[in-house]
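Alright, structures below, take your time with them.
What follows is a pair of complexes built around chain A, which joins chain B in one and chain C in the other.
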Partner chain A sequence: MSALWLHLRASTARWGFLPLTALGVAVLFGRSRFWIGIWPETGAAAQVSAFFLGIFAAGFAAWIAATVEVRGLHEQAAAAAIRPLTIELTRFTATLAWLLAPYLVVAAIAFVITARAGLPPGVGAFLGYVVLGAVTVVFATAWGWLAGRLLAPLIAAVCAALSWFVVLSVLGDAGQLTVVSGPPWHEVRTGTIGLRLAAVVALAVAVSAIGWRAGRRAAFHRRIGAAVAALVGVIALHLATTVVTHRPPVAKPLCVHGAIEYCLWPEHAKYVPLIQALDRRVAALPLPLPLPERVVDYSLSGSQRWIDLYSSVELPGTFDPEFDISEGSRWGLARGVAAAIVKTVAAGCDPTKPDPAHRWDQLFAWLEWRLAGGGKPDYRTDAPQGLQTAWATGHRIAAEQSEHQQAAWAATLIAETKRRHCRAA
Partner chain B sequence: MVHTYLQARRWPWLAAAMLAIAVVVGCWGWFEAPTPAATTSGGATVQFWRLLTVGSASLPVLTLASSMEALEAAAGPPYHRLRNLVLAAAFALSSGCVITAAAVGVDPAVTPLIGRALLAWFGLALISGRLLGWTYAWILPCAALCALLYWGHSANAGDYRWWEFTAQPAGHLPSWLLASGLLAAGITAYTLSPWRVRSLTRTRTAEAEQPRVEPSHTGAPADRRRFTAFRRRHWKRPRCSKARD
Partner chain C sequence: MLFGRKLSQGYGRRTVFRGVDVDVGLGVTALLGPNGAGKTTLLRTLATVQPPRDGRLTVDGCDVVSEADARRARRRIGFLPQRFGFEPGMRVRDFVRYGAWLRGVPAGDWSEASRTALDRVGLADLAGQKMGRLSGGMRQRAAIAWAIVGEPPIVLLDEPTVGLDPQQRLRFRDIIAGLPDTTVLLSTHLIDDVDAICDRVIVMHDGAIRFAGATSALKALDDPAMPGHTPLERAYMGLLPAEERSR
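Right, the complex of A and B next:
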């Protein structure tokens, strides 16, 4: 233990602690703040920093692994009375502790910030994502250590850092080493992440067992073989297992009752005020419109069967319409609810029948603007010109005309569209 | 001397690393590596040819690293000329390898972009080496790479910020200015050896102290003036002043 303490105090990696913590915190806050208050998103946001910290972890680990050779101390090390594995494990552990510490600080900051936002449900997913990031950092450190053992000390750090990036990229999507976001409709498999953690720790022991070249050559090569075999095993495990999957709809979503019933994933509890504000705007529409009974959060209606994380098939049947509050966007929410209302208004019409004036889209844009509470949309579009004109018309009417004029415009538009373009009307 | 200098730096390893980067760029240069990014989707991709040039520009700076750095700093002009020459040759070789590989394996159109990025990374590596030690020359370029990958995307999807010098089109002036600025800063950092910094500050201090030496009827200041004159004449060590770098 005192040896570990000594290495912790002397490790070169300690100089990286403050700059790497600063980098991690910058990555945590440098993209957006919507994750505050949602546990899985908080975990994923903290985990993103592991991607960048891993590059430095690999570089530093390679340099520290090579220092015995740099200082010309292999003979002293080989002649030590302590077992080489013990020495190396102590050095590796001290290095890993300094390289993992910035990541854990970032995770702790993320935890405190979301915990202060009222302790929403779903803290388990946070821990899952944080451990996933820790697996990346441990893997990177072990990778760097191996590079430091195999390559010349001078180039070890650069090669380890860059080659780690290449490994991360190649394993990337297939291996799910890192994720970029943690929406509540994704599920982390804690057991699989635990298995991966055990595997990378085993890899760390294997690379620590390599020792130094000065000993018996055959034994050294044998131990390198074992470490490479462990590496292949860890990569195979990453490719064979899935840690993030699609989550089936929950039995008891968080529902808000108003003019419409809105149901959210329980983790999205922080969006309840956003929903309530939207519902007040629905109730304040200048003309009575047929409203859907229930609208639900993304992927909560059960209308899709997910094959993997990115592809799904539509199931037959009728389902509640969905909205997507993508990253806390009131416009995203407004678009979803506006589309649901337009669908209810246009019930019985044939949606495939072409309308050159895109009247339903005008109505949709008008509703969207009103439900979002006005202002400038926070998204960009590359929709066809006709659609864009229709949306601009809807937005203009909502922004410029009086309540009375808007009611008259909407009523006329609905009546005319139904008369002209709907067979059922 | 060249042979000894290169051997002390394990040049086959350096050359092998430069070649390895060139091979990866030549064979898989178009590979789109997924990275996290501060965009609306939270992710983006970067091609290997954009990514790996950071290694090509950092490796030559590692030739400056030496375990006997303090001793070598006192060496004469031929040593320092050799040091500069090896640095320049290694940079030329490394750049040549990766640019040729990109021209063959990726697209000749990306070679100006790679050239610009190499200049910028090289400057950053020199700054990093001067500040942190030559063996740590890779740290600042890697940190800058993280910043470019994460924050380099503009709000318009698929577009980049002006300072993303690895991705802006070849004719983009601001990123050329940035890259040449970084290179100039790097070369300045390289020339500002601790010895030079000390000699510059010492001259300035001596100039500042000059007016304070006032003539007096006591003997001490005259002694001091004589001593200063003696120091100027004999302590300059003119041969070494140019020798050190």
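Right, the complex of A and C next:
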């Protein structure tokens, strides 16, 4: 029996465990499922639930911190033989344990589900994202605790939850408080996450040290000042540090050999069957086409120098063409490979020469439809009308004409386009 | 056991008492006085909750000068404030164990200490009940168990019988009378309780001590001209100024 156990058994926060766990699980599975089988995406998907759970954690923590004085517990605590900080830290820890538990359950469920899909590499990134989410929940709980020290329970709970939502909205991107996905070309800086974790734990200690309003007013105000200073420090640390950066291409990607060589981030191992199916469709094209030697997963070619997570500079030189399979979309994969094939077919041609019929785009759309295996594209486009017409033509030919007719159409289109736009036919 | 010399106390600019001397020894001592006399403030000062502005406080032979001294002293004091707090969802036995933790009782002794305290107050059968579900009287008994858990040598109780029905008050008297080798100081308005269980009485009025001595000595001050139904009531009323008596 320990003091923490006593608090855990009596904490009001325990009532939040089941509903918050249900919320976290709903967020985990409600947003998407493509994360299953990819460790960094699994960690990021679990971490997204921290965004929502943090709002409730702030509210709950504020309520619990504020009820100490409403219930009169502070008078007995003031007469205690142990330090007030020990009492408050124990209360805070018990509250945090109940508020963090739903998040950890969500992370454990995500872990088990991806682990069942085999053991692809990248489990370290999973842990990095999960700790990032834990930092968010601890930060939210400390935020709420501070509000609870200043306001009455109901007002504190509402203000803490709403203000935390605002903080997340404002700092979410700039401070990388949370992320929305974890593609393999991103990497988490475990050292920075560790630093942030240490900072929010220090903030938790600072808000626990505030004590009670009913005590000496000057000391109370001094400790409030210290907690606010710690809070400002934690926010500044979030704004000054980057936890997710671009990852350089790996030396040994996962490559699938077929009509073309396809190289993937090793974390994308679950997409190998999708690649193999696409390669069978490449091999089954109704006419022989010059194919690229190799196509690679997004950001694996090394063609860009990343300035930050969202901006990059194209490097001079020749690089393998890329495809994007990050959300498991066969259409995304087909688009990338189709574009690479068209580029190979059109080698030596001037792509800037105007072509009102958009012939290369017709060929691209025809290839895209065939390589995706047909059906309705899983994306929407607001491309110019001429381009959309060309794509529709390519899709229609692939869907409606016989193999023989398609081969003849493609051969004619390629010959005609090369005659008009290329240096040598 | 508990000595205060020239104690002064107040809140902000308001002085509640100044230069008060208090001696509380083994047995049960009552702290009597009208509302606003300074009883609660004196109890909080003796419980080391509020450091005196001036004067010397000694608990169980040790001077209380610093916060560290106060924390050491609190290990020997069971203090029940007038308005005690609890988590409604906490079970009675955990509430008492929580009190043991706050008093610095080693964790290994909590179970035994809380069982003994709950036995004393007659709540052993309700140890698993949640605090929020207890009646007012039972809550008060749980609070007394909180104050006596770990058998502190000094117990300070601020108006512990407020809200208790006559039967519960009798039970309370038995509990207090049954505490062995303990210095008990209880603040109360109820002279019946003083007469029944207190060896000594301290009468306080307007921040000053008007009487401190044996209950029998106070009784001896009985003045039939004073209002009251018992010698102790009349003696107590005789210590108060005329304007206080007429309130």
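Just so it is clear, the second predicted complex is superposed on the first by the 419 of 425 C-alpha atoms of A that agree within 3 Å, B and C clash if a C-alpha of one lies under 4 Å from a C-alpha of the other, contacts with A are read in each partner's own complex, and residues count from 1 in each chain.
Simple rule for what comes next: a residue touches a chain if its C-beta (ideal position, glycine included) is under 8 Å from a C-beta of that chain, and two chains touch if they have at least 3 such contacts.
Here the structure is a predicted model, which is why all the values come from computation and not from measurement.
Annotation for the three-chain superposition on chain A: chain B and chain C fit side by side. Applying the stated contact rule after C-alpha superposition, one finds that A:243 touches neither chain B nor chain C. Of the two partner chains, neither chain B nor chain C is touched by A:130. The vertex angle at chain A, taken between the C-alpha centres of chain B and chain C once both structures are aligned on chain A, is 50 degrees to the nearest 10. A simple residue count on chain A separates chain B from chain C, and the partner touching more is B. Contacts of A:65 after superposition on the shared chain: neither chain B nor chain C is touched. Contacts of A:151 after superposition: chain B is touched, whereas chain C is not reached. In the superposition on chain A, A:75 makes contact with chain C only, while chain B stays out of contact range. Of the two partner chains placed by the overlay, neither chain B nor chain C lies in contact with A:110. Nearest C-alpha atoms belonging to chain B and chain C sit 13 Å apart in the superposition, given in whole angstrom. No residue of chain A lies in contact with both chain B in one complex and chain C in the other. Residue ranges on chain C touching chain A, taken from their complex, read 47-49, 71-72, 74-75, 77, 79, 81, 83-91, 94, 97-99, 101-104, 107, 110-111, 146.
Residue ranges on chain B touching chain A, taken from their complex, read 9-10, 13-14, 17, 20-21, 24, 31, 33-43, 48, 51-52, 54-55, 58-59, 62, 65, 67, 135-136, 138-139, 142-143, 146, 150-151, 156-157. By the touch criterion given at the top, residues 1-3, 6, 9-12, 14, 68, 71-83, 87 of chain A touch chain C in their complex. Residues of chain A touching chain B in their complex: 19, 23, 27, 30-32, 48, 51-52, 55-56, 59, 63, 70, 151-152, 154-155, 157-159, 161-162, 165-166, 168-170, 172-173, 178, 180-181, 326-327, 380.
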